[in-house]
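Look at the two complexes coming up: subunit A is in both, with subunit B in one and subunit C in the other.
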Partner chain A sequence: MTLADATLVPAADRRWLTPSRAAGLVLLSLLAAFALIGPLLVLVDPTEQDFAASLAPPGADYLLGADHYGRSMLARLAYGARLSFGMALLTVATAAVPGILFGLFAAWRGGWLERVLELISTVLLALPGLLLVLILLAFAPGTFGPLYLGLALTLWIEFYRVTKATAAGVLKQPHIEAARLLGFGTPYLLRSLVLPEIRPILTTLAAFAMSTAIIAISTLSAISVGLRPPTPELGAMIVELLPYYAEAPLHVLMPGILIFLLVLGLQLATRNESL
Partner chain B sequence: MSRMILARLLQAGLVVLVVGVLCFVLVRALPGDPAMRIAAGRYGPDANITEAAELVRRELGLNQPVLVQLGASLGQLAKLDLGRSLVTGLPITKELRIQLGATLWLSGATLVLSLVLGPPLGLFAGLSRGGWVDRASLGGAIILRSLPPFVLGLLLILFFAMLLGLFPPAGYGTWRDLALPALTLALSLAAVSSRVTRDAVSAVARTPYIAFARLKGLPEPVVMRRHILRNAAIPVVSYLALQAIYLIEGVVVVETLFGIPGIGHALVHAVIARDVPMVQGTALAMGLLFVVVAAGVDLTCHWLDPRPKRI
Partner chain C sequence: MNAPTRFQSLAVSGLEIRAGDKAIVRNVAFTLAQGMPVTLLGASGSGKSLVAHAIMGSLPAGLCARGEVTLDGTSLLAASLAETRARWGRTIVILPQEPWFALDPTMRIGRQVSEVHHYLHGRGAIEARSHARSDLAEVGLDERAQAYSHELSGGMCQRAAIAITHAAGALLLIADEPTKGLDAALRDSVVKRLRMEVEQGRLLLTITHDIAVATALGGMIGVMLDGELVEFGPAAEILDRPRHDYSRALIAADPSRWPAPQLPPAGEPVVSATGLSKRFGEKALFDGFDISIGRGEIVAIVGPSGCGKTTIGNLLLGLVQSDRGRVELKAGVSPLRFQKLYQDPPAAFAPRQTLRRGFNDLLKLHSLDWRTSEELMARLHLVPALLDRRPDEVSGGELQRFAILRALMLDPVFLFADEATSRLDPVSQKDVIWLLVEIVRERGLGLLLVTHDTALAQRVAAKVVRLER
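After this line comes the complex of A and B, so read on.
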């Protein structure tokens, strides 16, 4: 099945809310609620230390226990989830908006801008994305700036290429030609006729890009070139707690489970049924 | 064919250019005067440091226009002169030669393991579409793809090393040390390649030419070998080119996690120590390794499907 076949099937012919999508959306909204409302409800500072409660098990005082410095795990997980969600959303938005706009423009007009964009994306794709992010991280290790820039620089290309390919297919359709002959303007055509056709594939792409960003940020923090402690970043938390695995195995696993659920939710919510 | 090789050569050139330019900017962006820093590194911080720095500046041409310097440093790269590590003082090429072995062993073991795990599972799943193998491998693939490689690696360490005591949790030397890191990466790769294989096989198995092959009385093994496998292999192998990216990225992470003294491990530590020549050398080596793997995939694709590509 080519890209055009997948996108040009009328939306009504496909049942949109499959069980796996429903499960994914429920999971995502629960996690989003935890990330958004959690930091407001848990009034504890995620960096506040209480050595009397070091590695406290989940219980009355600390709902999910406390880490080796006696910091509330619940607060740290809530702030960590917010950080992961927020950074991934920001990165993906920065990648998606120019990617889609450039893609539409290249499909519509082509010309020198398309050639320049092709050149830039070829240059950026020559290296695996993580290597680019790592080199940029050498400029300022432990900060979000290079991480954000590097991820956005690699992720926009996919949006650009898919938008361009899909939009070019849609623009060749007779109904677009007809609408153009009837005198509808370019912005109207792109907004009302092209964008609805390419929206499903862009949603999938955005979810995929968000998973990539979440995994990349936590992975780089875990190998201590991304964000650093005491920032409550989920990957950094795992590595920070790892030496205490023998005493508190659950504490080590909790941030990992949270990352897992985040990515799982994103995957399920945009999965195309093929079984 | 020759166009394909030309495209990969061009990509290799781009890798050198991107890494070279970024690292050139990186040296200039670090705080302080580069000539002063190099002089302090060579002669130690003594009273004559300003004169020494002046000498270094003239010797290395740091007083020339930036573009001339950039040209000179790219020229050095083209001659494979990577300089010396700021941390160990050894020539980068020497360090890379030692590290390359570890990285190649890990990548090779990973590729083999992922090819043993992924495509055969996908083949079974695709032949019995909707059966329990298909469902189970789908579930497994979704779970594995939701786990970041370092979390998966940790889980494998906890299970196989701590609980069962089968393999050492970290280290490098014997094949037993390589087992867990290779498995970590191979599982992530197989999660995707098994699904790609499954889709390809089930699509090929339902084509009219397979029905015809059966109808004309070809024995099932021949149908399988000559028609299903070869046709289904085309999308699977071209997908491997995409997997080369995951492989290289994964090698960096997994080497760091398991303490394997390879190029990825060195790259991460060079970033932490801001050892720019080392960052440049290791990033270059990983980037070129990526190009080599991708070129290998291209050649395999060409062998499987010699029809000329329309690009």
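After this line comes the complex of A and C, so read on.
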């Protein structure tokens, strides 16, 4: 129910840094520190094997234990986090930037350009994302290039579609018409009036896309078409350790926990309170 | 009638509504009796809506009500949440503002009434349907039971909402701005219906800023200002001999009581159009329409909603293309000097920008000086402190004056005011319209007023164009 006296009611404290955002940001910065500074601090080579320490439990020699080849889990996790998170970030950035630009352009101009973009995105959507990645991977197996390209090609559509739909709604509002009558050009309208309004939904979308990318990269490693061993990658680590679950359950869980924490951190940091 | 008992009176005394430590509504006291409806008049932001919600028990979170509100001796404020909920719809009901948003768009009207009988009173399907038919017949909608809300006019939707309250059997009706967004003819039909409710023995509390509604309803009138009830008494007495300054201003703000503006004769045309035609789909809005607005001239277009009056203004500004006909703007004048004022001021400003930011960008774009805008702001009675707020944090009247300021920065020769005051209370409406008249006189710009308020148009405009649906 609308309340005509809304102006009498004191405005709710609109703090940007809500508790959930703060928690998410702390979690993300801890993970970022681990992924960026970790490999510099842990001086052990993540591929160095020490069969005497095979499946060693966390302890003095190996802080987080060692895997079945006796490689330091800490080193592997730090390097793996850097690789997985870095790849996910790169993929999402590559998907988001053209997705948002195309979306804004299609919402603004419409016409044949929108129809062409619509056709391309529909065709790409009809192709299962995983299949697209597999096709591209067939050209250069085990490398990051096609993996990244394939994921970005599937992820940009979401950004494009959401941007186009929300921006088209904003562009129909009277304040856009008013700004145009006042002489403001298209770049100003898109940058200063449309983008701020669609930003919240785009950050949420980006957080989801990050999770999708990390899980997709891990999944592909898990079915042995992603990155090749001995590259420390979180998904591949889970697969390699899975046969030893009975002896060392914690080792299998550790990379999974890292992925979980990242996704949790992203979701908390981009959560909108005003629901 | 399925009304078991009639309430005799609703008594409110010493009502206070607090947000934290701050009392935003104070000292409200009135009595509502059989056959004596109460109408609360006041600007938006005067607290009249909050009073209604306090009685209903539906104040927004963070607000609490103190004082006495008794319905036939039962205290409403002391009731528990469950008791309050049990009363909603059954004994007290709010008729929502703009009911076309409150009705279910996916359900036929007849079904929306009969489900009240079915679920609330536990009647069988056939019995519920026959009751629903008689409820709809009572408000003159029996022919339209199969219609969806979008197929009904605003007045019909309001009547359908009344039929639903009949079905529920509620005997205390709170009508919150029941005529908001309706044109004069529809407004009168809704008011007539509300009068009938009173005659049938329901208690009626109406919240409005429309003096015509208060006049037609009669009974008692309360005038609210800044959260206080400044005057309360019989309608005839208050309307003829208001004692409080604000009541006087409010009543004098009714367009039919305005003095006539003294404007010099119009100069050469700034905008003219000949043979305009426009159709949306099957429906022709107008055909072969001619209009011309001269320098220093005020032209008004009046007509019921949906008759295409806004479209004419948009055609003149080039925001919409006509099917046939031509629009001629004064030669050699920049298109930036043709500006528009919008019906809903908050919608005409970027919601996430402070006003200062918007003005800054505008001044920078056209290399204008803050000094000119400051002089104009003083002229429009706008305080610079308001600039640091966002559009939803200033009142509608102030925001509309900011819109005028924004348009004046570009030194317009033509201004199209699209229902620019229809959402403002009478005092703000008068302020805004008189400001526009003064500007027309001083700067010699052409003003096109589009409105559904015939009295206003006739009072202010040199030429009134009437459009039929």
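What we mean here is this: the second predicted complex is superposed on the first by the 248 of 275 C-alpha atoms of A that agree within 3 Å, B and C clash if a C-alpha of one lies under 4 Å from a C-alpha of the other, contacts with A are read in each partner's own complex, and residues count from 1 in each chain.
The working rule: a contact is a pair of C-beta atoms (placed from the backbone, for glycine too) under 8 Å apart; a residue touches a chain by one contact, two chains touch by 3 or more.
Everything quoted here is computed from the prediction, not taken from an experiment.
A.B. asks: Just to be sure I read the superposition right, which of the two partners does A:Leu89 touch: subunit B = first, subunit C = second, or both, or neither?
C.D. replies: Touch partners of A:Leu89: none, neither subunit B nor subunit C.
A.B. asks: Mind working out whether A:Leu193 is in touch with subunit B, subunit C, both or neither, as first, second, both or neither?
C.D. replies: In the superposition, A:Leu193 touches subunit C alone.
A.B. asks: Which partner chains sit in contact with A:Leu127 here, subunit B, subunit C, both or neither? Use first/second/both/neither.
C.D. replies: First partner only.
A.B. asks: So in the superposed three-chain picture, is A:Phe139 touching just subunit B, just subunit C, both, or none of them (first/second/both/neither)?
C.D. replies: first
A.B. asks: Would you mind checking which one, subunit B or subunit C, touches more residues on subunit A?
C.D. replies: After superposition, B is the partner touching more of subunit A.
A.B. asks: Contacts for A:Leu25 in the overlay, against subunit B (first) and subunit C (second): which applies, first, second, both or neither?
C.D. replies: Neither: A:Leu25 stays clear of subunit B and subunit C.
A.B. asks: Is A:Leu268 touching anything from subunit B or subunit C once the two structures are fitted on A? First, second, both or neither.
C.D. replies: first
A.B. asks: Touch test for A:Glu177: subunit B only (first), subunit C only (second), both, or neither?
C.D. replies: second
A.B. asks: Okay, in this complex, where on subunit A does subunit B touch?
C.D. replies: Going through subunit A, the ones touching subunit B are 122-124, 126-132, 134-139, 141, 211, 215, 218-219, 222-225, 235, 238, 242, 245, 249, 252, 256, 259-261, 263-264, 267-268, 271, 274-275.
A.B. asks: Would you tell me which residues of subunit B are touching subunit A in their complex?
C.D. replies: 11, 14-15, 17-19, 22-23, 26, 29, 129-130, 134-135, 138, 142-143, 145-151, 154-155, 158, 162, 199, 244-245, 248-249, 252-253, 256-257, 267-268, 270-272, 274, 276, 279, 283, 286-287, 290-291
A.B. asks: With touch defined as at the start, can you tell me which subunit A residues reach subunit C in the complex?
C.D. replies: For this pair, the touching residues of subunit A are 1-12, 173-175, 177-179, 181-184, 188, 192-193, 196-197.
A.B. asks: What residues on subunit C touch subunit A, complex-wise?
C.D. replies: 19-20, 22, 24-25, 44-50, 53, 58, 60, 62-63, 94, 96-98, 176-177, 207, 227, 317, 319, 336, 338-340, 342, 344, 347-353, 361-362, 365-366, 392-395, 403, 406-407, 410
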